[in-house]
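Each of the next two complexes has chain A plus one other chain: chain B in the first, chain C in the second.
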Partner chain A sequence: MKALMSLGALVGVVGLLLLAGMIFDVIPSNTIRLVEGYMPMQMLFEVGCYVLGFTGLSYMLNAMGMGIPRFWQGIGFWIFFLLYIKYRVYPPIPFSVRAMYGTVGLVAVLMWVSANEEDWKKFKQPILNVLDAQTGFNKVLRYVYLIALPILTWGFSYNVMMPKSEEPIELRTVHPAPPASTKVHGKTYVLQTSLNPYRVNTEGKYDQEYSNSLIVEQGMGRLMKPNANPWDEKAEGYLKYVREGGEIFFQNCHFCHGDNLNGRGLHAFAFNPIPANFTDPGTIAQLQETFIFWRVAKGGMGLPNEGFPWASVMPPWEQHLTADEMWKVILFEYWHTGYYPRTWD
Partner chain B sequence: MQNSGTQKAGLTLSIAFGAVLITVGMEIPAFAQGGIPEGFKKGELAAPPSAEMIEAGKRVYFTKCVWCHGVDGAGDGPGADRLWPRPRNFNQGTFKIRHTASGELPLFDAKKPVRGQNDLFDTVTHGLPGSAMPPWEGILTEEQRLQVLAFVTTQLVKDRSFTDKQSETQTILNMAELKPKSATEESIKRGSELIVEKKCIECHGLEGRGDGNAFNLKDDWGFSIQPANWHKCWNFRGSRQDPYNVVNIFRTFSTGINGTPMPSFADNTTIDERWDIANFVNSLCERDEEGKPLSIDPLTDKPKINFVIPSNMVEGDIPADIENEAWKNAPRRYVAMGGQITHKPRNFVNRIDDIWVRSLYNDKSIAYLLEWDDRTKSVAEGKLPWAPTEVNIDIQEQEPSTGEGGSIAAKQNNYPVYNDAIAIETPVKWKELPAPIKPRYLFGTNEQFPVDIVKWEADGSIRAFKGTGWDKDFEERDNYEEHLKVLKSEWKNGRWYVMIERPLGNKKDQDYDEDTFFEVGQYIPTVFFAWDGHNGDAGRKMAVSAFYYTFMNPPIPQETYIYPVVIAVGVVFLEGWVLTRRANKKKGKTL
Partner chain C sequence: MGVVTRKKLFSTIALGAMVVALLLPIVMALPSPATGEEAPVAEGAQKEGEKVEKARDVYYKTEGIVVGAPAPKTTDGPADYPRYNFESRVLLWFANQQHLYYGSFVLAVPIFCMIIEFMGVVTKDKALAKRYDQLAYDFIKISLTAYSLTAILGGILIFTFLTLYPTFFSYLSSIFRPVMHIYALMFVAESGTLYIYYYGWDKMKEGFLKWIHLSMSVILNVIGTLLMFLANSWIGFMMSPAGVDEQGRYLGNIWHVIHTALWNPLNLHRILGNMAFGGGVVAAYAAYKFLAAKTDEERAHYDWMGYIAMALGVAFLIPLPFAGYWLMREVYAYRQQMGITLMGGLLAWLFIIQATMIGILFLSTNYYLWQAMGRMRGAEKYQRYIKYLVFLLACGFMVFITPHTMVMTPAELKAMGGQQHPVLGNYGVMSAKNGGINVIITTTVLSFVWYMRGNKVSTVSWARFGNIFMGVFFACAYINIIFLAIYGYYIPANVRVGLSVPQVATTLSCLFFMFTLNSMMMKGAKQMGPIEWGKISARSQYALIMLATAFTWMMGLMGYIRSSVRLFWHVNEIMRDNSPWAYTHTVGFAANVISANVLFFWISILFVFWLGSLTAKKAPVESKVGVPGAIPQPAGSH
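Presenting the complex of A and B:
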């Protein structure tokens, strides 16, 4: 037990040091990367680790006779949580969202300290002590509070009222509702029934199972399967078209969507929001291939009036590419990210 | 270590096997100390990577790298012809960023992923900013990065050999023992004298904006190349995601950049002089008002962007002098620029990648001060190939795959020269834009919700346009131009300084069908366009920014001073109430 707890304490101390490093900018907050697409899970896991660490820490301190009163534990944990969401996460979360998390955190802490009558009393006691001010120290403290509180409220409200020029928040829709059909280069494509004409096996037949078996492996790096090299001269069917799609991608799309399809292309830094990240499980992995075809062909301009607001400077690619080229690019995007397109069934 | 390495290599490369065994027996040759430039030490090529590593690296290469660097590593992948700088041709073994002496192969050890001791690994890890090479850290594991380099160095570098210790030498810049000299005023001053003495300014220009000899420099493959702009350290290829670190500059200056006209200065400068120069160059990189390095956004490796451009109020006329206090106190904003690649003619390579914006306003007009680096002053020599207003014109664009000769890199500096230009775009009815069209398209939404464009060109003209749609031609507004003023336009040492003044708009009846009404205290969406005449930029071939906001700082309202006091007094009363209650409760009294 004791060994386990000291391990926990160690985790807690290391974690706190890391966070302190991030707060004082000694350690950049992206040292331990938040894995894209798994950010909420990772954050929950990390906070969980911290809680375990603090449990260990508190146990060890108690064992050494230096226990921290429940009152300060509660406040300390809440402050820790606020600092964590402010300094740990990059890109930073806006204040309004942090305030929401902070409130939830406060409620959680209050629930914890009021779990039973005994604990609640212990938690309240220091507050009442200061109010009653029976010792000299508490008297001083009470006067400090009496003077500091109005001054702080004054400063805070003055700050809030001072005209500021902070970037206004603009909400946007990420996945607008698609139309039933779309007309590209004179041909009508029904989104429910259209198929990617290049998702074919070596015999030229539409074969989703075959193509899905040849996409890159999920996992770090997302590398191609050892025997599925699109650059193999003998590559036929699906893999050959993946290569052709890749060629078009790297002549037209990578400038924004990036060499690794993560939305960090050469020009991406100039845009707001930055271009879509296809490696995120929340983008193309959630969508049907025909949806992507519609988005590629019609671009930001073709987005419907429903489901606003959106923000996209994606050009209508039908102005630059043929329908065949667009289908091939889509084929490549799924291959390179290792995702299957969603199907209608 | 040496032994196991050689054994593994022996399995695959019997020639290298022999060579390695010979050199292992030789130790460091006695002549090593002679002719080594100051700060360098003799080193050795690392042991060759294993066959398994090379094979694994091939898999990485053909998933990630082949698209730009090509099947044979000749820098001719499908993406290459629309990039400038072009992707590296690995075949010659010429690599830019190294810790080794000029002309030597870079440091690479497939077993040692240590920062600063493995040049190629650092390049793959941190990318080459200012080019299309991204940082691969976080995408490929450390092992995968080493594997792909094992493949590149053994299979794609064809004219030289990372494994042949007889034909290759390694003279390594001994950074571990070179401590940076502190950047005192004296050191920086000496650096500023040395860059003249050592002729740095001949290429990098008087102010270091890379404008010295911008049009005659070529790399080893005959493609035109531009000297670095010292004011944008985040674009230094060797900045290793740590752009304000003087060590990077010291390294590049000591080793030179292979394959380019940038030589190594190791032989004709002392270490002390090199630190002075590095300190001076580093001091030129853009900094904030307090002289601190700009904070760099780890997502983009460029300066962090603040999308709000605050405009301060001035009494009377807006000063035309940049040195005026009002301009000096106006906050400066970094505006990132990307190529316009949505409509023909597309601009895959934009030479202007940022502008700095300041703004002031008075009761009648608003002025923008725009400063941007452009290595050449370009004033049109001939007629434009298309009207500046036209979009989606039927032109032959850069072919995607033409071979090196027809690539963008080969065409750089051979374009007909057009006007340098800058434009500010604001939506006309920004307040009334209904939600579906709220994120305003570049170039206007439709006839009902047009944009107002003010464009200055290097021939001195200032014109106004109306944009009514993404793929509609602009309409020239002849009746508005007389209201516009160019307070200043000057090109000096690789930088444009342009000050444009325009009316605030119709204030009285707020009837603003054609030009934007700039309202105090409101966020007015603003976009910037820039053209580099030497890049063949004209019409829609230009650089564009995202939507920024012009925000005219309002005078501070009286309430700001009154309400907080009221609230504070309220808190005092509240405190009194709580304390009385508590005291009464204790005494057993109830209220």
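Presenting the complex of A and C:
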């Protein structure tokens, strides 16, 4: 047990040193990268290791007679967590999300320190000591709080009320609800039921299963499956259309959406937000092909009211491409990213 | 004829009358051809010389004879939208929400009474049986005052509809005409049954009469549930109309109108929601009484009452997210746009608030259980592990509330390098959220298991094996839930939706198997000490109040979301809302109105509690004979 706790303590100390290095910019926070894409278990795992590390550290310090009071354990862990989400996670998390996480962290700490009567007494003792002010130090501290708390409250209120010159926050709806149908080049497409006419097998029949089996493999490499190379001259059906879609993509779309479809094309950083990252599991992987067709055809200008603040500069591609070309581009995007379009069967 | 026999006879007649009251509306609802006549509508339509017009059902796609007028095309003016100098929609919202709060409460509490009364009847321990009976009586007493208020609020709601939205209301009434009076009759049956049930309590407290009394509660709840189903059919029709053609003309099949695409998921969701809400309100009542109690006996009673109400509420809270998931799945299947508006578009931020509320509910429950372990000797052994449960809950909670589209300044957006955060943005999609909520629920189950064995030491020969098995089972459950959450990113969306089934199955397996195994292990277990009812921290009672408030807030929020997803339609795609208020409120405004509704409900329910306390108090249940001054010990209650 002791050995285990010592190991935990070591983990805790190393972790704290690493975090301190990141806070003071000695170690860049992307030195040990958090895995992008898919469910980021690494972050939760890391925080879990810290929790175990701190448990070990607390145990060892107690064994050495240098135990940290519960009050400071609670406050310390919360501050650690705030620093972790600010300095460890890269790219930086917006304040709104940090505020949410910070609140959850605070609630968790309070639940922990008040889970039983003994711990709760230990936790609130320093607060009661200051309020009771039985010693000179506590008396001074009480006066400091008496003066500091109203000033802090005033400062906070002033900061909130003060008119700001910075751009306001945006509650952007990235995926507004599409219309029931859309008219492109004189033809009406019902979004709930329309299908990509090029998602076909070698016999020319619509075959979702067949096309799904030929997309690139998921994972960081996104490798093509054996015998599923669209650029093979003999490729027929679905793969042939993927190739044609790819050609259209690289002639028209990759300048913004990037040659890896990750939204980081040549022109991408002229825009804010940068163009959609199709490799993110939260974009095309969540949507029906017809939704993408509608967005491609109508562009940023065709966004409905719900799409406030319409922060998209994508041109309405129906003015430049045929419906067939747009369907093929969409086919290529799903193939290249290794995602399946959403279906409702 | 002896007194007892006469009582039996009268009570049996009363029960029979209730059954008749229940069946009467159903018999009336049977189509007229059952009596050998043609349906009046068809008869009218088939009159000689009259042309029979047929049209296609918008949902069922069946053909039917047009028997109703088209949905009116309203215009903004005093004819269709008369108004006071205030937003009519907010007035209606308020009236509707208050009616719903009270309606939910009075439908849920009799179900609790039925369960608790049944527990009292089958319990062999007479002292405990009396306590259960007293508890059930306390519950129904609270609901009785609330019942009158529900009816009054229902009247206010109808008047608000008639006054502010007369054209829309008359269209809705014309569609539901065949069942409108049945609804009213059911209400009469519900009232009659409730009053006989309540006032007959003391007269039917033993033997055969008690069983009759218990049967009455079953009938009472059947009527209440049918009432709710009927009310649900209206909102189901407004969201996903059926039984009418594209112009909104009724096609003569009332079952199609009632049985819309979303009716069944709404029914299930509302039953579970009402029960959880009812449990929360009663638990808050008990918490309030506990905090105000003057004696140890009172504290013990209300502590126990709070625990039972919380346990019942949470029992229905656990499956609630799954029922909600089914409802959303059906919404997506019905109209993709509706689903996206709800969960990915305009209303997505309200869903994040909803996720926060759900998280608060489970966190409060866990916290209460940990506090409750403080009143058991022997439960100390679990205390040091609580921090790990807190960690699991906090992780699940953070994943569950992470928005897919984050609120940020343009500068933050630029620093982040795209609309979605490359690391945390992935928590914003369903796969991660399913994992998050299942981890939270499984942890709640674990807290319950610890609570159930808090003061006990198993004496069965296989106790060690049982403990190891339980530990491994829970560990495997967590691994499976997290694995499936990650795997969900690698598979097509339609398969991913189905993936929630094994996740839910894992969570429910923990619930049922672990509860069963734990009960088997704890049979004849050695008790380290009694449960000292009443000796629980005040913090636990605040957790109960928090639980109830979060329920109320969430109900208001979800009601608003469900209603506003119709956007500018009174009846989706059939009857357009042309009033000046056919727009979606800002999140802030909606949050303020919902909060005002919550506040009003709690102030008014405090008044109801106070009224309840004015009625003659029943004699408190005596403590165990031979132990003067001892606190009653319904230890077996869990």
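In this text, the second predicted complex is superposed on the first by the 287 of 345 C-alpha atoms of A that agree within 3 Å, B and C clash if a C-alpha of one lies under 4 Å from a C-alpha of the other, contacts with A are read in each partner's own complex, and residues count from 1 in each chain.
One rule holds for everything that comes next: a residue touches a chain if its C-beta (ideal position, glycine included) is under 8 Å from a C-beta of that chain, and two chains touch if they have at least 3 such contacts.
Computed from a prediction, not measured in an experiment: that's the story for all the values here.
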Discussion item. I'd like to know which partner A:N272 touches here: chain B for first, chain C for second, both or neither.
Written reply: both
Practice prompt. Considering only touches as defined above, state whether A:L61 meets chain B (first), chain C (second), both or neither.
Written response: neither
Worksheet item: After superposition on the shared chain, which partner residues are touched by A:F95: those of chain B (first), chain C (second), both, or neither?
Response: second
Practice prompt. Answer with first, second, both or neither: which of chain B and chain C does A:M111 touch in the superposed model?
Written response: second
Worksheet entry | Contacts of A:L223 with chain B and chain C, given as first, second, both or neither | first
Practice prompt. Classify the contacts of A:S165 with the two partner chains as first (chain B alone), second (chain C alone), both, or neither.
Written response: first
Fill in: First (chain B), second (chain C), both or neither touched by A:Q286
second
Discussion item. Under the stated touch criterion, which partner chain does A:I79 make contact with: chain B (first), chain C (second), both, or neither?
Written reply: neither
Discussion item. By the touch definition above, which chain A residues appear in both interfaces, chain B in one complex and chain C in the other?
Written reply: 90-91, 166-168, 170, 172, 272, 274, 306
Fill in: Residues of chain A touching chain B in the complex
28, 30, 33, 90-91, 131-132, 146, 149-151, 153-155, 157-158, 161-163, 165-168, 170, 172, 216, 220-224, 226, 229-231, 246-252, 254-256, 258-260, 262, 264-272, 274, 299-301, 305-306, 308-315, 319-320, 336
Item to complete: Could you please specify the touching residues of chain B with respect to chain A in the complex?
Response: 59-60, 62-64, 66-68, 71, 77-79, 81-82, 131-134, 136, 138-141, 144, 297-302, 305-308, 310, 336-339, 341-344, 346, 348, 350, 353, 392, 400-401, 435-439, 441-442, 470-471, 521, 523, 544-547, 549, 551, 553-554, 556-557, 559-561, 563-565, 567-569, 571-572, 575, 578-579, 582, 586
Fill in: Residue ranges of chain C touching chain A (in the complex, touch as defined)
332-333, 335-338, 340-341, 344-346, 348-349, 356, 359, 363, 366-367, 370-371, 373-374, 380, 383, 386-388, 390-391, 393-395, 397-399, 401-429, 431-432, 435, 482, 485-486, 488-494, 537, 539, 587
Response to the item:
So, in the complex, the side of chain A touching chain C is made of residues 34-41, 43-44, 47-48, 51, 55, 89-97, 100-101, 104-105, 107-108, 111-112, 114-117, 119-120, 166-180, 191-192, 212, 218, 263, 272-274, 276-277, 280-283, 285-286, 288, 291, 306, 340-345
